[in-house]
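The two complexes that follow have subunit A in common; it is paired with subunit B in the first and with subunit C in the second.
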Partner chain A sequence: MKILGIDDNIDINELLDTVLNGSGHNFIYVKNGIEGLRLIHEKKFDVVLLDLAMPEFSGFDVINSLLKDGLLTKQKIILFTASSVLDSEIEELIKKGVHSCIRKPVDIDLLLEKLEQSQQV
Partner chain B sequence: MRLKLKLILMFSIVIIVVVLSTSYISFKSLESAVIDSQLLQMGHEVEVKANFIDNLNARASGDLLFAVKNPVFVKYFELPDTKAGNIYKNDVLQFTPQQRTIKNELDQWIYNFQDKFSVDETCLIDRTGQEHTRLVMKKIAPDSDLSHEESSTPFFKPSFQKNIDEVYLQYPYVSPDTERWVFAYTTPIVLNDGSKPAFYHFEIPLKSFQDITKVDQGRAYVVDSAGYLVADSGHVYNQSLNSAPFGQSPKDFFPSINTISASSEFNEDIRNILASDNNSTNIGHVTYSGEDGELHYIVFKRLPMFGWILAYEKPYSLMMSGNYSLHNLAVILFVISLGIIAAGLIAIYVLSDRITRPIIDFARECRNQDVSNLQIINPMGTNKEINQVIYAFNEMIERVNAIEKQKEEFASMVTHELKSPLTPIIGWCQTLKNPKLIGQLNSKQFNAVDIIQKNAKRLLQLVGDILDVQKLDLNRMKFDSQPIDVDDLLNYMHNNLQNIMAQKNINHINSTKEQLTVRSDRNRIEQVLNNLILNAVDFVPSEGGKIEYGAQSKGDEILFYVKDNGIGIPPEKQKNLFRKFYQIDTSVTRKHGGSGLGLALSKGIIESLGGKIWVESELGKGASFYFTIPIDRIKTAKSEKVIDVKDQRGI
Partner chain C sequence: MVLITSINSTRSYDQITTRIVTIVLSIIMIFLVESLYFGNQALAASSNANDDCPVFSIKYGCDLSSWLHLIIDGLMAAFLGVFFHQLAHKQGLKLKKIVEEHDTMKKRRREFTIQALKNHFTTLLFSMSLINKLESMYASDTKNRDNIKDQINRNYEIISRVINDIKNILLFLNDVLEPQIINDVNQLCQTIHQGYVKDEYKQLRLIDYTETKNKINSLCKTFDELHPAVVSIQQLISSPRTSSNLSSSNNRTLKQLNYQKIALYCRRLFKKGDSAN
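Let's look at the complex of A and B:
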């Protein structure tokens, strides 16, 4: 799978790089939302791993931008969030077009599972 | 007391007092003006009457003097026969022919006089007390009737003390001739040589004097210094009497002053008037309270005649009667007063309402504020002062909101910062353990990574607990409200717990028998169940440990339970069980990564969700933990908020 990671934390990005690329996926990452949007507009990805809490341009901003451009449903978005977002709030985002959400700290096994799921629908 | 009530009460009192006192003052002013004008009028009447009396007196005197101006009087007494003295035969006075002639002339003159000027009786009395002529009601008395005992009359001596053209007025007495009360006027006959051989005397009835006191309204009377009424418009004097002439005491004929009024105040007034300055003939006023309950006004004047007091009185009602302007004023004032009072009360009610309503509305707005979402309040009404308060309040809210926002941002930053490192730590551990990604580790390396991962997980749990507790404390924890399939939840948990239960050789059972749904926060309920079950894991025996958990319906709540067959919890330790940092056995919990916060957190969560949590246990007989969740949280949502804040302070 072609996977894009958008997260301001280098350690997480490097971890995902090792895990995902080591598992046979094609994973690249960027550190802020604006760059991420640019890439989304340019290329096509199967999955986007999006961190919600980023400075300046947050994951919410990315989602809203994609929503406006109608690109939200063109790729599967899996959200990472450290805060205790309520299930109902996640439901809202899923209704808008997001695929799912993983709470931080990210469980690697769970992530790989969710990636599988995203391609099955 | 409420401000509104205070304002209304105060101003109502002020308005009523002002209006009533103004009305009263204006009424009283007009009343006293009316009274003054009445008194003036009465004063005029008294003057008029006094003048009448003076005239009566003057006229009588004038008539008398006119009568004696006729030279026939002197002629008679100049006669040598008269000068020689009286001659009697059989007790009857004898007249010589010369005397007779003059006497006839005299009688004729007096007859004409009586005809012209109405007097009751006229007579001529000489120094010896002998009448020489007498006419009563125009009847000439025969010689035999001429009395010679006139020297004993009260007017005898005083008459001779007068000179020519002087008149003596005798105090009223009963006339022997007419048998009624009369005044007597006398004047001496004075000869050329200055001797006074006789005096002329006539009587006029007292009635003509008394008639002067007649009035249309009120009562007029004349008071003698001895305290009886010689004239009274309110009394009918019995004019014909059978009693001894001269001998009748005035007290028997004239009514006492007390017949006007028996009040002591009246008595005192009259006494004062009688006793006062004898020379003053000015008009005076005095009042007294009558027995009829009314105030009586007396206007009086001292008469030159015997020092009598002429008085004219009216009661208050008579003074006011016919005075429509006063009555109209009273009505007008009454209507206006009512109008002003009503208008004033309405105005003050409206005004106080306008002042206090914004205050009450503002207070209500403050109370209705959602503490976690303070909003600014809009200005109310037109009161600058209230709006000042509102602006100050809004400023405060904005400052509080700013602080809260800061706190929230800080809190979420902290959360983020604390948890971020754990992703790479745990993640890399997982990755290291996966031979496909990095390569096989030897057993020592694998062990090391495992230990790192376990500790990172424990740290994660701790951080999570601390952050949760802080959130509950600040009332900042958000809860979901979704329908939950209890069965599904418990099965999911059962699966997740398989590993650890198998490791510890614990027999765990989901003993739920019913199909239950509840509307609440699934993650948080899972958190609490996890907490209770993992606690139980630490306390069951290493062999034959058994943990039973599940749910059952209980009215409008679901009852969840976690029961273990561990060592149990003694009662004295039960009461502090749900408090922060409380640990039954520090060695046990520390070993297993407990922070002492688990149960406190569970209690906070359950109570925020509208339920209750408690334990039932005995030493040596295991422990059973229960908690309830209302089936539909929304119905109890409002009251929860209050419970949250109060209870968590006590954790």
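Let's look at the complex of A and C:
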């Protein structure tokens, strides 16, 4: 599975890199929303793991840009966030075209399971 | 930077204007009160009350200056009342604004703290899970033991650093967290740290992953119970200043700057903490 991680937390990115690439996936990561958005425009990913709270260009900005460009429904976006997002906010984002949300902290097995599930849907 | 300077200059300009207006109003106020007082005194001195004309009598040929005094005093009292009421109201609004800003800032700091802690917990879970997997490989794969051991040690280093970061968060941002959470996080750190310290003597030691995972999960439940999300995260992330009359684009940049400012502030604190350690 080709996975893109957009997260400003370097530790999590590196660990995901070890885990997901070690599990046979093709994982790449970027540290901010602008680069992530550029990559989404350039390449096609099976799943994008998107963090919401990022300093320069937040996950919401990425979602809004994708929505504007009509790419939100074409690209499978999974929110991967530690933010205290309200359930109503998630529902609203899912209505817009976001696939699902994984709240941090999560263990590796559960994350892999959710990724597999996202492919089956 | 330019934006901050321009905002600061706008703010200081507003403050100066407000001060000048207050000073001018105060001078006018003092002048009015003084002139009314002396006028009043002059009128009182010039009046000649007698038995036929008591103080508040309205008769032909009687002096009506007492009534004038009363009206002037009433007007002065009303004027002073309105003036002080306005002053108090203005100060009240200022105080309310300060309290609201402080409250918003506190909410943002709390959100930042919880986010940082949850990110660290995720790193801990990932690292510990990796150590678990690598340790089982270490037992079976005799060829790559050195390589596996290096990876395990690297993950132990990550755990150690993350625990240090969590302790710094608890030290510098404890004012926004409930004491119970601080206590629980401290206990979690102690549990993991004990396992880590023991490992130095035993080389490879399996940290109880399931126990730690359960503790982290219950901790996150406590987070949600004690600090439930009541404010839209979208607002907290991208609109920290709710009461501002800046243009929307400036406002947005300012909000982002605020978020960065908190992050930078915390990082600086952590650095200080590290150097102190």
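Here is the rule we go by: the second predicted complex is superposed on the first by the 121 of 121 C-alpha atoms of A that agree within 3 Å, B and C clash if a C-alpha of one lies under 4 Å from a C-alpha of the other, contacts with A are read in each partner's own complex, and residues count from 1 in each chain.
What we mean here is this: a residue touches a chain if its C-beta (ideal position, glycine included) is under 8 Å from a C-beta of that chain, and two chains touch if they have at least 3 such contacts.
Computed from a predicted model, the values in this text were never measured in an experiment.
Placing subunit B and subunit C on a common subunit A by superposition gives a clash between them. Of the two partner chains placed around the shared chain by superposition, subunit B and subunit C are both touched by A:Ala53.
Of the two partner chains placed by superposition, only subunit C is touched by A:Asp61; subunit B is not.
Applying the stated contact rule after C-alpha superposition, one finds that A:Leu86 touches each of subunit B and subunit C.
Once chain A of one complex is fitted onto chain A of the other, the partner contacts of A:Asp17 are absent, as it touches neither subunit B nor subunit C.
In the superposition on chain A, contact is made by A:Pro105 with both subunit B and subunit C. Look at A:Asn9: by the touch rule set out above, it reaches both subunit B and subunit C.
Shared contact residues of subunit A with subunit B and subunit C: 9, 11-12, 15, 18-19, 53, 82-84, 86, 104-109. For subunit C in complex with subunit A, the residues that touch the partner chain are 111, 114-116, 118-119, 121-127, 129-130, 158, 162, 213, 216-217, 220, 224, 227-229, 232-234, 237-238, 256, 259-260, 263.
The residues of subunit A lying in touch with subunit C in their complex are 9, 11-12, 15-16, 18-19, 52-53, 55-56, 58, 60-61, 82-86, 89, 104-109. Across the complex, subunit A is touched by residues 412, 415-416, 419-428, 430-431, 434, 436-438, 460, 468, 471, 477-482, 521-523 of subunit B. Those residues of subunit A whose C-beta lies close enough to touch subunit B in the complex are 9, 11-12, 14-15, 18-19, 22-23, 53, 82-84, 86-88, 91, 104-109.
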